[in-house]
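Paired with chain B in one complex and with chain C in the other, chain A is shared by the two complexes that follow.
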Partner chain A sequence: MKLVVNGQQVDSKDGLTVNELLAEQDVKMPEMVSVEVNGRILKRSEFEAKRLSEGDAVEFLYFMGGGHGTE
Partner chain B sequence: MELSDGQIERYSRQIVLEEVGGRGQAKLLGSKVLVVGVGGLGSPACLYLAAAGVGTIGIIDSDKVELTNLQRQVLYGIEDVGRDKVDPARERIAAMNPEVEVKAYKIRANAGNISEIVREYDFVIDGTDNFAAKFLINDACYFERRTFSHAGVLRFYGQLMTVEPGESACYRCIFPSPPEAGVVPTCSQAGILGAVPAVIGSLQATEALKHVLGVGELLTDRLLTYNALTMGFRRVRVRRNPDCPLCGEGAEIKELKDEEPPVCDLEEEERERA
Partner chain C sequence: MKGDTLGIHGGFRVDSVTGATAAPIYQTVSYAHKSAQGLAEVFDGKSPGYLYTRLSNPTTTALELRLAELEDGIGCIATSSGMAAIASAAMGLLRAGDEILAAAGIFGGTVSLFENTLGRFGVTTRFVDAGITEQFAEAVSERTRLVFIETIGNPRMDVPDIPAVADIAHSVNIPLVVDNTVTTPFLIKPGEFGADIVVHSTSKFINGHGTAIGGAVIDTGNYDWAKGRFEDIRKVSEGMGKTAFLAHLRNLIYRDLGGCAAPMNSFLMLQGLETLGVRMAKHCINAKELAGYLRSHRRVGWVNYPGLGESSFSDRVVKLFDGRGGGLLTFSLVDKERAFGFIDCLRLAKNLANLGDAKTLVIHPSSTIFHEFSAEQQVRMGVTDDMVRVSVGIEDFEDIRGDFEQALEKTFEAGK
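Moving on to the complex of A and B:
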């Protein structure tokens, strides 16, 4: 099936879960990522079971610190 | 407010903009913007706010300038190493634009002190480097109903979003709570290209100026991400989350409190090493 992940077309196997997509996309630290599917932010507890469908738009949103101070 | 001849000349390149004009310049001179954290993001933000003639700039920071800061924190010079950041920051702003009043708070922002400061300002810029502070600013601005600019940077990447509390998606709508301690790479390990926070910090200043002037559309309900390696900018649509613990329907956060101490804190690492 085709998904749109962070704006890019991606081909994946049917019925992929969010956790499987995170692994497939080689996301190094999934703990640092919030996942939005078709405009809805998922609860972390949904990552395991939530299956994606053809045409879903998925965004990985990363925690970022940075900016000021001590390094 | 009547502009002096000197002010009209000094700010002429923005007064000539139809959306600014003399009236807009007077608004800027009467405005108050708070910058929390005067580092990689806060340095360019302060410089552009001061240059534009924002009348009062508040700066909160308890850190001292370190040699490693100078690669990106352009408010400071080599002679400032070891000084409290708010002192050279104030001097630099005054040298550039003595019309600007700088209110310096040499404190670490926490749940006990931030609300009364935030309340004094029209707009807040989050230039902090740690998640506890980012959640604190988000929550304080929500309770005080102040529009603010969230931002974060890491390596070659940056992102920002403007929040109109109660109206647009907040930081907790995307990230309900800080990441677990231990999973966050320390900033000293992760690294940052100095020009990246310059881009993001100047965008934060732009949002503050737009908010004061009442022009354009603020970056609300959209997270702007920047990838310096590909020069890619993307605006990711986000929306208010009904499950948000702060501004959602069953919000459980009723008052301001501190999150766990920052995990990304080199000072603490150094204390532990010592």
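Moving on to the complex of A and C:
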């Protein structure tokens, strides 16, 4: 299935979970990431069970602080 | 997972390197990176990583994740104190010319921050009676950018109708900030009742042992920053979505104010959270018992505890806190002289400026926390000369009652 991850189209296996996507995308510091799916921030407890669907827009967000970061 | 479990396991399970079950204390200022390019990418926000403990720290991260889970929020920033948390949240929202709409009977330090410190930067604050919801509706204006309440006003002990106040704030597209220090997520998750931002002084019940100062800001995820009235945060939301406010704090306000949590203190807060559920239950039981005892004592003028059935806020205590009135109460002892005399006669309870400790604590608010406020301001805040505040601890209740009984007897002995 196709997902939009951080604005980029990505091909993934059907029905993968958020945790599986984090591993598949080799997301850095997964314990720190906030995951937004179609505009909703998931609770961390949802990462294991939440299955993604065709066309879902997924954003990996970190607010742990950089120099000027996103400002 | 339920609160009692999250308090123990939330945010940190075991250390991935050593298997340690307590969160390691990362007592470090900074973090080495393997390459200049790698460090530059973290600074630029292109890659996650730890840079400097004023911004983030792994021990503090564990605390932030645990608090966010307990409050059912989307994220948390831990601060050096409760005042640093409120200052960060307020300064993240306000500009010169803006107004705060706040409950009147709240912590004196918060009142001073709003009136005095932020007042110096062109912010004005309107104070209203937290118990009278209509006053919020009347006072909210086009200039309001922040509505602030405490779940239970300290020391006024009034309980705002949080969902109704949230509706008023949202009617003008303004976030409701709720201080959940005295109730903690074990009595209420304000986000479930419409709050947008939750702040804590973690020094109180969360720490629970009077051993560390700290605070926290939690975004409940209720406020849509992309459509909000804060232009700079709207801009941040283009890249950071729902976490825009937390990113705005972390990357600008919190970073620049410098009120970061100390790693050792974050560890102590994590320890406190492990037992918070059982402690809060005992605080509530003991406080209700003590309120009942004092109410029936012939020398006590009045008792203000929202958990008492006759309290004008008892319906809200049932609706918001599942009937649990918290660990804080105030009572009257005729005048300042008797109040001082009573405090001096206590043997077990400690006379000090703090609350939420496992130990029973007392203070005479008028001459201490609120001493710099005028008599008129004190009345607005619900502070009177005859009033003693008690933070009821988790000792055996019979020992607390015995201490109060002997102190009351001595205070009024020989017909005083």
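The rule is simple: the second predicted complex is superposed on the first by the 65 of 71 C-alpha atoms of A that agree within 3 Å, B and C clash if a C-alpha of one lies under 4 Å from a C-alpha of the other, contacts with A are read in each partner's own complex, and residues count from 1 in each chain.
In this text, a contact is a pair of C-beta atoms (placed from the backbone, for glycine too) under 8 Å apart; a residue touches a chain by one contact, two chains touch by 3 or more.
Because the structure is predicted, anything quoted here is derived from the model rather than measured.
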First (chain B), second (chain C), both or neither touched by A:Asp26: neither
Partner chain(s) touched by A:Glu36 [first = chain B, second = chain C, both, neither]: both
Touched partner set for A:Ser45, first chain B, second chain C, both or neither: second
Touched partner set for A:Phe63, first chain B, second chain C, both or neither: both
Chain A residues contacted in one complex by chain B, in the other by chain C: 29, 31-32, 34, 36, 39-41, 43, 59, 61-71
Contact footprint of chain B on chain A as seen in their complex: 6-7, 29, 31-32, 34, 36, 39-41, 43, 59, 61-71
Touch list for chain A against partner chain C, complex: 28-29, 31-34, 36, 39-41, 43-45, 59, 61-71
Residue ranges of chain B in contact with chain A within the complex: 37-42, 61, 63, 66, 68-69, 73, 126-131, 134, 151-154, 157-159, 173-175, 178-180, 183-185, 187-188, 190, 192, 197, 201, 223, 234, 236-239, 241, 243, 264-267
Of chain C, residues touching chain A in the complex: 1, 42-45, 47-51, 55-56, 61, 65, 69, 72, 74-75, 77, 221, 236, 239-243, 246-248, 250-252, 255
